[in-house]
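In the part that follows, the structures are each spelled out as C-alpha cells.
Shared between the two complexes below is subunit A, which has subunit B as its partner in the first and subunit C in the second.
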Partner chain A sequence: MAGTTVSATFEVYRFDPKKDASPRYQRHTLELAPHTTVLTALLRIRGEIDPSLALRYSCRSSICGSCAMQVNSKSRLACETQIGPELERHGRIVLEPMRNQAVLRDLVVDQAPFWHHYAKIEPHLILDPRRPMPAGKENPMSPEEVERFKETPRCIACAACFSACPAVEADPGFPGPMALAKLYRYVVDPRDAAHQDRLLAIQPGGLWTCLRCHLCTEACPKDIRPSERIRDLKEMAIRVQGATELGSRHAVGFKANLRDRGLLNEMKLVRQTSGLFGMLGQLGQGIRVARKKPEILSRPRRIEGLDEVERIYAALDTDGGDAK
Partner chain B sequence: MRRHDVVVVGAGLAGQRAALAAIEAGRDVAVVSKIHPLRSHSGAAQGGINASLGADDSVDKHTYDTVKGSDYLGDQDAIEFFCKEAGPTVIEMEHFGTIFSRAPDGSLARRAFGGAGFPRTIYAADRTGLALLQGLWERLGTARFTLYDEWDLTHLVVRDERVHGIVAFDRKTGEFDEIAAKSVVIATGPFGRVYGRTTNAHSCTGDGVAAAYEAGAFLKDMEFVQFHPTALLESGILITEGARGEGGILRNARGERFMSRYAPNVLELASRDVVSRAIYTEVAEGRGFSGPYGGYVHLELMHLGKEKVESRLQEIVDYSRIFAGIDPVTQPIPIFPAQHYMMGGISTNLRGEATLRGLFAAGEAACVSIHGANRLGGNSLLETLVFGKQAGIAAAAYAETAPAPAMKESDLDTAVAPLRAWSDRKDGEDPTVLRTEMQQVMDRYVGIYRDEATLLEGLKHLRAIKSRFSQIRVVDQSKVYNVNLTDALETGHMLDLAETIIVGAVARHESRGAHSRTDYPKRDDAQWMRHTLARKGPDGPTLSYSPVAYTRWDPKERVY
Partner chain C sequence: MKLAYYPGCVAQESGKELDLATRWVCRALDIELVDFPNFSCCGSGFIDEANEVLNVALNARNLAIAERAGLDVLTICSTCQGMLSLANLRLGDARVKARVDGALKPIGIEYRGTTKVKHLLQVLVQDVGLAAIRAKVRRPLRGLKIGAFYGCHLLRPADEMQFESGEEPRSFEDLLDALGATPVYYRGRVMCCGFPIQFVKPGTATGIAGRQIDDAKAHGAEAMATPCPLCHLSLDTYQNQAAKSVGHALDMPVFHLPQVVGLAFGATPEELGLPRHLVPTDAVVARIGPTTPA
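Here is the complex of A and B:
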C-alpha cells in the first residue's frame, strides 16, 4: 500500500470554448504512490495547484458514473484507474475529455446526446393491459430469469462505452452501446410486454449499425459487455422478424453460405443482403472487384472438412449461440 | 424568474419519489439537482432495503428492532407508520421495474442485517441502491416534469416563516435564476463530507439542509453521526453490512473473533454503533493491526467460498481489488470504521413537513425521526421512498391551496452578492483548504467516542475556520462549470452544519446510540429522552428540545 512514490507527469486537457481559441495541455508533475487513482491526482491538482480545472466527480468508488474521461486515449473512470500501470505503459498520463460528446469545458462534456438515446429506447416497463401487476405482491421471477439480464443491471451510465464507440462517431443517430444494453435489459425482462415491438423499433438504423468492434466492452468499467448484448439483440431481432434489414440479411446470408459450402459465395451474399435491385446499385463496385478477383463470379466448391463446419454449427445451434 | 408549484431539490431516491408523488397529485413539478439524478449517492447504497415480507417476520418485529436500534430516541408513531409502509413500498419498486435478487421460488430474496431479528433485508446483489435508483428514475421518465440538471442551490427564499422559492445556478452556463414555488422539498441527502474519513460521495455536502438552516428551519438531532464499522482503510470506501449478513466475520490481530466480547448473542450482526465501538476499542487497546493508514482489523469472507462471494458481493470484490489491492475470496479485508450516515437533519413530522410553511424534507436530509440515535442497516433506502412519497404528497397538497409565492427581483441579488464577493476578491484562501481543515477537525475531535474537553477544542478550531471563510477567494473566473465556486458554496454549507453537530454533542450529557460520551457513559432517559433542535442564531446555533413520541415500547437496556 503506502511506501515508495513515483514521479508522475500529467498532461491535462484544458479548454473553455467561451474564452479559448483552441485547447491546450497543462503539464503537472507530482510525487505519488503508484496505486493513487487518477481522480485522487486530479483532486490534488485542483486543491494544490489550479482550482480552475473543471471535471465531474462524486462517489470515487466507481458507482456514480461521473468521472469517465480519456486516460491515455482510453475511455475510463478516473476514480478506478491507478496511475502506476498507466505510467509503466505510457510514461505519462494524458487526460482528455470523453469523445463523441461536445466539450463544455476542460474534462467536462455535454452529455445531452447520451441521455437522449437512453431515454429514446423507452427504458421503463411496458405492460400488457390484459396482464396487470399482481396486486399487493411481487411478480415472481426465477433466479434463472434474473440471470438472463446478464451484467446489464450493473450499468452506471458513465458513457465510457458511448465515448469509445466508432459507430456513434460515424452516425450520431446510432443509439450507442449503453442504450442498446439497456434495451436488452428490457427485452429480456419477463415483466415487460413489448419485447417484439422493441426489437422491431430498433432494427432500422439502430441495431445493425454496430460494427462489432467490441471497444465498448473493452471500455466498460462494470463488465456489462454491451457488444455481446447487441449481438444477442440481433439474434432475437432475426428470430422475431426474420432477416428484413440489410444488416440482418447480411448476417443470415453469411451464416448460410458458410454452412452450405464452407466458403463465402460473394455474389450470392450481395444478392441475399441487398436483393436484386440493391445488387444493381452495387454493379459498378462488383465489376471492379471481379476484374481483380474473377473467382467471385463462380460458385465456390465445397471445402474439404465441411463436416467439421457442420459440427460447429450444430454445437452453436444447441447452446443458444453463446459459444464463439 | 421561473415558476412551478412544487420544486424538489435533490434527485436521489427521496427527491425522485417526492417528485413522482407530487406529479401524480397533478402539480407542476420541477426537480433541481446539482448532479444528474442517476449519479446521486442513493446509487452507492449496497446492502438492501428492509421489509417484513417473510412468513416468520412481522411489521411489529420490524418496528421493535427499529425502536431498539434507535436506542429509544426514534419516534414510535413514525416508526410504526414506516414499518407498515415497508412491504407495499418494496412491492411498488418491484412493479416499477427494479431488478431484485430472487429466492429459488421466485420471491424476493432476503438476507440478514445487523440489529434485525430476522433475515428482512431485500437486496439486489450488493448494489441495491443502484437497482432502486434505476428503477425509480426510469419510472419517473414516463411522467412530465422539468429537470434542472446540474443546478446548484444557493438560497432558500423565506419571508414571514413561509417559503417562496429558491435561487440556484446552472453549472453548465453559470447563469443564476430564481425559481418561485409554493412548496419546496429538500432531498439533498447527507453531509458526510464534513468528515474526511467517510463513506459518502464528494457530493454529500448538505446543501439543502444548510439552506433550510440559514432560512430559519429547525434541524433535529444533529449530534448523532453513524460510523459504519467496515470501510476500507485509505479511501473510506464502504464494505456493505451485507458482507457480515452473508456470514463475514471480524478478527483482531490475535486472531480472536472479538465481537463475542461485545455482542455475545449476535456477534458481527449487532447494531452498527456497537460494532464500530468494538473495532475502535480493539485497535485503541492494542489488539488491532497497524499500518501506514492507521490501525485496523480484518473482515474475513474467505470461508464463504468463491461462488457465494463473487455472486452476492460482486461490487465488494471489485472495490477490494481496485481500491485496496485485496482479493476477498482468498484474503481478509483490512477495515476500520468511517463516518457513514447522519441521523440528524431538517426536523419534520411524518408527513415530511418542516417547521417553515411550504418547506418539506425527506431522506437523509430530513430527521423525522425514525432512526433516533442509531440507524439500522436497510432502513435508509426504505426511508427515502416512504417519506419521499409522504413529502411529495404533502407538498402537492400545500401547493394546491397556498397563495402565489411572493418572490422579489431583489431576492436574486441578495443571494448572489456573497458569491460575487468571493469571485471579485483579489486575495484570499481557496475554499478547499478550509474544507480539508474542517474535515481534519471533525475526524479528530468529533469521532466515535467523545468528551467535553475534546468537543470544545474541536468547536474552537471549527469556529476559527468559519471566521476565515468570510475571506475566501474563488480564483476561477469562468462561468462554465466553475467547480471552484461550487467548492466554496459547499464548504460554507458544511461549516454551518459541522457547528450544529458539535454544539449538539457538547450539550447532550449522556451516551445513546451513536453518541458515546466517555464523560457520561450511561444513557439517561430521565433527562435526555428528547430530541435536540438547533436553530440558527446570531452567534451560532441555539438549542431547544422536544419530547420523543412513544406508543408501545418502554425503554430497556440495549443488549445484542
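Here is the complex of A and C:
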C-alpha cells in the first residue's frame, strides 16, 4: 500500500574470517514500505548506517544472479524478495550468506566450488559434425527441439540451488543442481555431439547422489526446476547405458521388484542393489531390525489384480533399461 | 468421512506400527477406511527415475481403483502422497495421458482424474480440523518438546503438491500444538532424511539423517515425529548408523504422525505399536500426564 511503512528489524550476519573468531549478527530496525526488497534495505543499511558491510549485487533486477543469500534460512535473490511477507511470517528478517560455500566476508561467499562443478560439465556446445553449421547462418533448431530444453536456458547461475542442496552439504563431490540442470541442457541439444559421453562422465559420483528432495526447485528464482531435470537425466542415463551404477541398479531393481508381487519386497531389494556380498555387510543391522520387525524376513503378499500390473509393464516397459 | 486407504508398502511390512496407529486414530475420529487389496506400490520415486510413463501408469491404475469406488485416497507416507499426486498432475499432459490410456484401456481400466489424494496430515488439519482434534485430546502432551519432520514429497515441489509452503510449512506444528505438545522449529524439519540414497551411499545417507536429528536436538527437541515411514526408517531404524556417521549418540525417539495423535487421544503404547521402534519411546511417553476419562 502506498504511503504506509512498517518497522522492519534485520539481523545481518557479519564475519571477517581474517579478523573475527566467530560470526555475529548486527541488528538494525528501519521504517520501510512492505514492498521494499531485501537488497534495497541492505543498501540503505550500508549507505546510511555501516559502510563496512560486504555484499554482492549488480543489476537489482533478478538478471545477473549476484545477490543470492539466505533470507530467513531460505536461499533467495535479495533483489526480488520483498520484506513484507517475511516480516509477517517471522517478525524479523535474518540475512545470512549462502550455504555450502565458504564465507569471504559478511554476505559474500567464495563461489569457487560452484564454478568448479559448472566448468567440469563443459558448458559449451561440442558441435556434431553430422549436423554442420550452415555456411553464413546460425545453427537452426526446430521449435520442438527448443522445447526439449524446458526452462533450463533461463538459468542465471545465482547458486541459490547450490546453497539449498543437502546433497552438496553432505558430499562436496556432488555437482549440485545447477551444474546438472545445465548438463541436461547440453544433453538434449540436437546440435551437441557429446551427449552420450556427457551422461557417461557425470554418472560416477554425480547423478545418483541427488536426493530428489526438490529443495533446489523451491529455491530457484527462475523456475528452472533442477530436480526434475536431474530425474530426466537419470532416466536417459539408464536408457543409454543401462544400470551401470549402484544408483541406477537400485532404480531398475526397484522396478523389477514391484513386478513380482505388486508390493515392495524389502529384503529382495537390498539383495538386488547391494548383491549378496553387500547383504552380508548389513547382516548385523538386519538381525537387529528383525528382532523388532520380523516382517522384513518374509515376502509381502501378492496383490489382487497382479495380472493388470504385469500387462502395464508389458505395454510400457519394453525398452526396460535392465538390458541396454 | 470415508476414504480409500492407501497404506503403502512399508506400513504393511516393516512399518506395521504405522498402519496400526492410523487405524486406531481413524476409528477415534470416525473416519471410515476402505481397504483395496489390489492397490500396488507407488514406485517410491525409484520407478519414476527408471521409467516415468510406467510409474504414472501404475499410479493411474491405483487412482482408477479409488475412482471406481467414488472415494478420495488417504495416504500415510510422504512419498506415496508425492507419487500419487504427481501421477494425477502428469496425466494432465495429453501426450502422457494418451500413452497411459494406451496401456490401461486394453485391460479395462479407465482413469478420469476425479480422485483427490490426501495425506493423513492434510485430512487431520484441513478436513477434521484442529478444533475437533483438540476436543478429542484426553491426555495432552503437555511439556513435551517435539520436532516435526515433514518428508520432502508431502511438500515439494510446492506448486505441484498444492499443500502448503515447501520451505516453511506449519500444519504439523499447529497439530502438535493442538495435541498439547510444544512444537520445535528447526531448519532440518523440511530437509531430506537421506533415505533415497540409503542403499547407494549409506554413509552419506545416514550422515544426513544424523544431521537433522542433531539439529532438532540442538533446538530442544526431546522427540521427533514424522508423517513418512521412509523418514522413520532413516531416523529410527537406522539411527544407530546415523549416530556412527555423526560420531556421537543420538538417543532420539521418533514417532509416526498418528502415534502422537493416538497418545494424546489416550491410546496405549501397545495399541500404537510403539514397542516395535528401534529407539525406545517409553521414557518420553512416561512423562506425559494421566489420561482424563472421556
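Keep in mind that, in the parts below, the second predicted complex is superposed on the first by the 295 of 324 C-alpha atoms of A that agree within 3 Å, B and C clash if a C-alpha of one lies under 4 Å from a C-alpha of the other, contacts with A are read in each partner's own complex, and residues count from 1 in each chain.
Criterion: a residue touches a chain if its C-beta (ideal position, glycine included) is under 8 Å from a C-beta of that chain, and two chains touch if they have at least 3 such contacts.
Nothing here was measured: the structure is a model prediction, and the numbers come from that model.
Superposition note: with subunit A as the common reference, subunit B and subunit C can be accommodated side by side. When the two complexes are overlaid on their common chain A, residue A:G91 makes contact with neither subunit B nor subunit C.
Look at A:T209: by the touch rule set out above, it reaches subunit C but stays clear of subunit B. Contacts of A:E80 after superposition: subunit B is touched, whereas subunit C is not reached.
In the superposition on chain A, A:R288 contacts subunit C only, with no contact to subunit B. Legend: residue contacts after superposition of the two complexes on their common chain; A:P123 is shown touching subunit B, with no touch to subunit C.
By the touch criterion stated above, A:V309 is placed in contact with subunit C alone, subunit B being left untouched.
Taken over all C-alpha pairs, subunit B and subunit C come no nearer than 16 Å in the superposed arrangement. Subunit A uses no single residue to touch subunit B in one structure and subunit C in the other.
Contact residues on subunit A toward subunit C in their complex (touch as defined above): 72-74, 89, 166-167, 169-171, 208-209, 211-215, 217-219, 225, 227-228, 231, 234-235, 238, 245-248, 250-252, 254-255, 258, 262-264, 266, 269-270, 273-274, 285, 288-289, 292-293, 295-296, 300-301, 303-305, 308-309, 311-313, 315-317, 320-321. The touching residues of subunit B, counted against subunit A in their complex, run 35-36, 38-41, 43-44, 88, 90-91, 94-97, 99-108, 124-125, 127, 130-131, 134, 138-139, 141-142, 172, 201-203, 233-235, 237-238, 291-293, 314-315, 318-319, 322-325, 430, 432-433, 436, 474-484, 487. Considering their complex, residues 9-10, 12-16, 37-41, 43-54, 57-58, 61, 99-100, 102-104, 106-107, 109, 152-153, 156-158, 166-168, 187, 190-192, 194, 196-197, 199-201, 204, 207-208, 211, 237-238, 240-241, 275-278 of subunit C touch subunit A. By the touch criterion given at the top, residues 1-3, 16-19, 35, 46-47, 51-66, 80, 82, 104-106, 108, 110-111, 115, 119, 123-125, 133, 136-143, 145-146, 149, 153-157, 185, 189, 191 of subunit A touch subunit B in their complex.
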